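Two complexes, one shared chain (chain A), two partners (chain B, chain C).
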Partner chain A sequence: MRGLPLALVAAALAFTGAAGPAAADRYVHANNSAYDTLDPHVVGDVARVATRLNFYDGLYRWVDNPPQLIPWLATSHTVSDDGLVWTFSLRDDVPFHDGSLMTAEDVVWSVERMLALKRGASTLFLPVLDPGATKALDDTTVEFTLKTPSAIFGSIVSDIYVMNSDLVKENEVDGDWGQAWLTDHVAGSGSYMLDRYDPAVGFIGERFEDHFAGWGESYYDEIEFRTVLETNTRVQGLMRGDYQGLDGYLAPDQIARLRDSDNVQIIEQESMRVFHFAMNNRRPPFDDVNFRKAMAHAFDYEGFIGSILQDSVVRNPTIIPNNMWGAPKDVEGYTFDLEKAKEYLDKVEGPIRTIHIGTLAGFSETEQAASLLQNALAKIGVTAEIESAPWPVVNSRMQDPEQMYDMVPYWKSTYYADPNNWIGELYGARYIPTRNVSGYDNPEVNARLEKALVSTDQAERQTLYEEAARIVYDDAAGIWIYNTKWYGPYSTEAAGIRFSPVGNAQDMRWAHPAD
Partner chain B sequence: MTGLKRLLADRAAAIGAGLIAALVLVAILAPVLAPFPGDVSEFHLTERLLPPDATHLFGTDRMGSDLFSRILFGARITIAIAVIAVGVSVAIGVPIGLVAGYYGGWSGGLLMRASDIFLAVPQIVLAIAIAQTLGPSVENVILALSATYWPFWARLVYAETRAMKGQVFIEAAQALGASDFRVMVLHILPNIASAIIVRTSIGMGATILTAAALGFLGLGAPPPTPEWGRTISEAREFLPEAWWYAAAPGFAIFLVVMGFNLLGDGLRDILDPKIRRGAK
Partner chain C sequence: MRRIEIILSRLLWLIPTLVGLVVVVFFIANVVPTDPARIIAGENATTEQVEALRAELGFDRPLWEQLGIYVRDLATGNMGRSLYTQRPIADDLAHRLPATLELTFAAIIIAIGLGIPLGVVSAVKRNSLTDQVLRVLSVSGLAIASFWLAMELQMLFSTRWGLTPLNGRISGFGPDEITGFFVLDSLLTWDMESLGGALLHLLLPAVTLALPAAATILRFTRAGVLEVINSNFVLYETAMGLPRGLIIWKYVLRNALISTVTQIGLIFGVLFSGAVVVEAVFDWPGLGTYAVQSILQSDNKAILGFTILVGVVFIVVNLIVDILHTFIDPRTLK
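And now, the complex of A and B:
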């Protein structure tokens, strides 16, 4: 019963504005990107992962580091010998926030919704799963019949966020699958229930006491994820005690500042998030491998990692994180060498025009990386222009081949622990243009990636990914810079932060106030 | 020459004129005065965020470039934006105000209602909307400022022209058969020039401030242009530790805007004795 009076206090504080330091059982997270929607089926990025992890549940869930899948809505699964039929057993005790129990029909409806909307995580499922191929065998059994065997299907079912289908259907308008309503409402079973939401401010969640996974001895009764675009405001707010946690995208300069504060702890973890430049391989002169190699040789890797990032990260020569299997260990990486860059540039056949680099507003690292490249390119006679825009804008432009910038520096985070998350999605033709934003399409690479997706032989898959990574590297399809360490800035009042490279510790059910 | 003497005799105006003269000189001589002229586009990553010292008078920025040199070069952009934007505003606003004020009637009313529409929206909001739509660049900042600034001159000239129109010397000129164009340009315009000059001087300061705001919001010159507003925006992240990073461009903006305002006040005193500051 301990939770109830505290929840009331927290709710009362929230409604009275709660401007001062947060109550001890309340967690406030300052996020560097806006929550423009609460719909878990239309977005798939880390910037907006908090809504998915805290309001909804998936069939399985990724936790810890190295990331592990634990049973969640599903308790187990079996796969047919041909690798096509996946049968999941579901829990029978999962209540939605309105008290009704989840059934296999809800899972089926949620999968169909996700596939119909063709956004968010659906681009991972559509290549292997047709609409109508998911069936409820009984209340607690759901069966997926895939088009082709998939080595990663088991890893991505964590992204099937299950909705209360009856509730959403009541709010459907003109067959929109409840899209309009779910933008600012929640129909999930997740650890927190929606209390308040304002796209300009963020959201507040109240603990769902009846969550099927139960609760430990200590927890946060209320969580708030607030959009605070200004880096300095986030940093100062954490030091002052206004926030209990920040995003894990702060530059080393900020981390160094935070380390000096008595109110702040920095949680360090090995991670898998590769910082790279996506290059639009479709558009001349980027369709010429010599031009791309010139770009790869024009980035000052050492200066960026050593000086700007103060060696807080490690060089990653290909798109697959060094600490992930499938990353070729013998590739040394392109070097910063303007002579070589010039040589490659001279071999480019067509005309060389001004190139446009899109950077992420609020993520100054992307702008500094772009400036560094722009500076080096100027020395070899290539003009680059930098355009900054908020992540949701950059992200939607990237997925449109017509509007995609020539280059975009950004991070590829972990959504599931498999090399396909990086090389498959970013350079496999099946993911053009939604995830493979550079439009890179090489039959030799595609053959290997496709084979790796259906093979169940781990050793073979590893070889295939290593080979594919070497070819993509030789083609200089992108500029791969570093694999990050995760520096999680939290208040010393917060404990139990459970980090996983998938979700970046924003699954708040494990966290609790420090004793 | 008496005008200049009177200007220099007014201490505030003289300071204003001095600041503006310094700004112009700095802009012209930036390549000579800057200790590291290459730092407009050159980075020295091992020298990031150094505090001010004898080598780097204003310290260094996040890419290790010398801030003092960048601020000197930034003066060029500031002047260019202010002069062109205000110039275009005057070129659009003055003729419109003159024609509307002289002819009056429905055509004059129409022109003034058009300017009212622009004045109804706060200038910075309109400028942000225009700059955002057109994309971030110096040219678009100038366009946005010009498009939102001309009504101020149109309003002013309209009011002055209406007051002037009833004067006896205008009626005399008209009676002698002078064309409307001649009356407007040779008789009215010289007599309202002082108001325009004063408005222009003060408008320069306001324009620089708005341009810096647009730069701060990321709508101005793209990197690595050493635009002042943009530099402050970059520096936010490093406050309060690297205080010099934001302070240097902030101080530069402060000086220039103050310079134009003091000069504007001084000019008004000289050109329009009726509304002179304080009792002398």
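And now, the complex of A and C:
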């Protein structure tokens, strides 16, 4: 019996090269999240962005770091003086994968579909754009009439993924906007065409030779994105050469392990993903600025960043990422000082009760940060209890003012590169209780954020965001800890990886085999 | 007639058992403090958007009413749509079921192939060094955590020696789908490359899953053989001069396997549900990884669907074991 497994292995190896690496003109990416739908209008998360970026095109596209918005399906746009009417000029040479040409009608239909489904990126558009407010003026001009002026509208049109409307309509069932069909089919113009798809495994894309943006001298003919849940398996797979790339936010010990491998290169970039504690500003004693300042001084920033995270991240003193315009450069940040924390605690007028910190199960950094704070608070006489739950549970509670924890450590990712993505959404009253989960409501801050949201003067917007960030900082409305560094683990045989905080380097048209 | 009566009675009990299972699982799934409407609407949805979606999907109705709708839909094979992916859950489960069944079957074959012969050897050589070693191994097989064993096997066979693939069910995508069982489909389409790949990918996860089961089978077989080996008929056969091997492997084993068969039936159910951990480590695209993803995403409806399916498999396997018993041991008919 002992020889049976080895005999089976030998027999199987004789038939297949299954244990060998992928071919050189093929890129295989292992991801920790499932590609369980291909419909770009029903999901909006960063983890599944590869299907949107590679199979579909938006009006504009975010590239590089700091993120730059470049013309894509649209070549330019104009904005009316009142900031309400946005008119985009479209390219006239964009073929869909079936060869038919994209027109403004496809853009209008795609926008209406996105708004009707009320999922994914629609939540960014619905507050400013009503269904029926998008018009095709001619084949290459599309006009959006907004409900209220929005300076960020130009930043979010990258999320309008345009579909071949005729093709989808042919596959509609009972007016479902083609939802059932688009779950496992693609109707886009993106750089890659769908070749194989299995929601339990991932997808294979074949290069779309006729893509409007053309191709450089080198590229991958085929890309494969696979779901591999176990981190250790992904890491070993990259070291073995089974994969050419992994997700870029691995734990420091895994990055260190990968650095030791001759087959692996780590591409390092400062991202725009701020780790912070949201504090429930509505509930006593957090409604007292002295208590919040005590909390801010009770967190061991250096210990967390230096010892626990091994300096793999960068201290970020406010809620706006350091590398984003609008971040005040002169703010140094709160320091770990238990004496000061005690002083502020003594000034708190009401009773101090046990506080509850919600952490994200499976995200050990949130648990470590909460434990660190809990230990420090114990030294100044404050008891903290930690409750761990999966992100959807924590998120549901955060958005319900009655159920919101006292504190939650989590990351704010980049959905669009504008300061409103961070300070506007997390501390502007217009986003209470959905994105502004802390319930922070300061008229001085609101006035600046609202003005910045409609102003078209970049210099003025920058000043407004800097001022708002300083006020929020002085109010200690949260605890802002670090800005994430992105450590892209790639095979040394891969080159041309182009990282942007918005797409996390999963736009594969720029990548190619190394020379 | 008696056998048919027993089968019919077991089948009748299926109905209240299934209803009980659905009701209990439904309420447990709804105890989790998640807001399904908010999950579907996404992180950035406003309160109004979430409320509109909640009403549209019926999540604002009383729980009893939601249960009634769920049971009605379930009766037609409709398990609803995943909150997270919006895919039909029944389709997802059906798509992943062959992967888990293939892994479970492979594991049970390995477990039987190891457990029964070693159990017999252990009993025949009772209290010898071989017996002691096998007993230690069987206890170890039960005690070793499957995720640890899985990672160790990966480190040795895949990373260090490069003999087997690290993970997955096959390199790339599978052979042309007929049954969804890659080994079977490869044979039916005579795709030898896929067959080799499928077997090679199957090896480590199946061995990981099989070892604890083999330990259980070994222990039950050993106990069964020891009980039978001192019977009068064995003494008689020995006195008649029948070869020792024939007595042990034919007559003793046959009588000793009754309790082992019951165990194999139960083990199948345990392996089926226990595949969750092994599938996660080996990235095996079956029901286990689906369950893990659903739990991490708090996708209540998908968890509900998975749990009901596992429950049904358990019930059906128990039913089959009961029926088999009436053939193996006709005394149960009395």
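Convention: the second predicted complex is superposed on the first by the 340 of 515 C-alpha atoms of A that agree within 3 Å, B and C clash if a C-alpha of one lies under 4 Å from a C-alpha of the other, contacts with A are read in each partner's own complex, and residues count from 1 in each chain.
Note that in this section a contact is a pair of C-beta atoms (placed from the backbone, for glycine too) under 8 Å apart; a residue touches a chain by one contact, two chains touch by 3 or more.
Being a predicted model, the structure only gives us computed values, none of them experimental.
> Contacts for A:P489 in the overlay, against chain B (first) and chain C (second): which applies, first, second, both or neither?
Neither partner.
> For A:Q254, decide between first (touching chain B), second (touching chain C), both and neither.
First partner only, chain B.
> Tell me which partner A:P40 touches in the superposition: chain B (first), chain C (second), both or neither.
Touch status of A:P40: no partner.
> Have a look at where A:N232 lands relative to chain B and chain C in the superposition and call it first, second, both or neither.
both
> Between chain B (first) and chain C (second), which, if any, makes contact with A:G58: first, second, both or neither?
A:G58 contacts neither chain B nor chain C.
> Looking at A:E387 after the superposition, I want to know if it touches chain B, chain C, both of them or none. Which is it: first, second, both, neither?
Touch partner of A:E387: chain B, not chain C.
> Look at the residues of chain A and decide whether chain B or chain C touches more of them.
Comparing touch counts on chain A for chain B and chain C gives C.
> Where does A:G205 make contact in the superposed view: on chain B (first), on chain C (second), on both, or on neither?
The answer is neither, since A:G205 touches no partner chain.
> Could you say whether A:G358 touches chain B, chain C, both of them, or neither, answering first, second, both or neither?
neither
> Would you check which partner chain A:S307 touches, where first means chain B only, second means chain C only, and both and neither mean what they say?
Only chain B; A:S307 stays clear of chain C.
> Determine where on chain A the residues touched by chain B overlap those touched by chain C, and list them.
Common interface on chain A, chain B vs chain C: 230, 232.
> Would you mind writing out the residues of chain C in touch with chain A in their complex?
32-35, 38-47, 49-50, 52-53, 82, 84-87, 92, 95-96, 99, 113-114, 117, 151, 154-155, 157-159, 162-173, 192-197, 199-201, 203, 207, 280-283, 285-286, 289-290, 292-293, 295-299
> In the complex formed with chain B, which residues of chain A make contact?
My answer: residues 230-232, 251, 253-254, 257, 300, 303-304, 306-308, 361, 364, 367-368, 370-372, 374-375, 378, 385-388.
> Please name which positions on chain B make contact with chain A in the complex.
By the definition above, chain B touches chain A via 41-43, 45-46, 48-49, 62-64, 135-136, 218, 222-224, 234, 236-239, 241.
> Inside the complex, what are the residues of chain A that reach chain C?
Listed in rising order, the residues of chain A that touch chain C are 1, 4-6, 8-9, 11-19, 34, 36-37, 39, 42-45, 118-120, 123-124, 126-127, 179, 183, 196, 198-201, 204, 224, 226-230, 232-233, 236-237, 239-240, 242, 362, 390-393, 395-397, 399-400, 403, 415, 425, 433-435.
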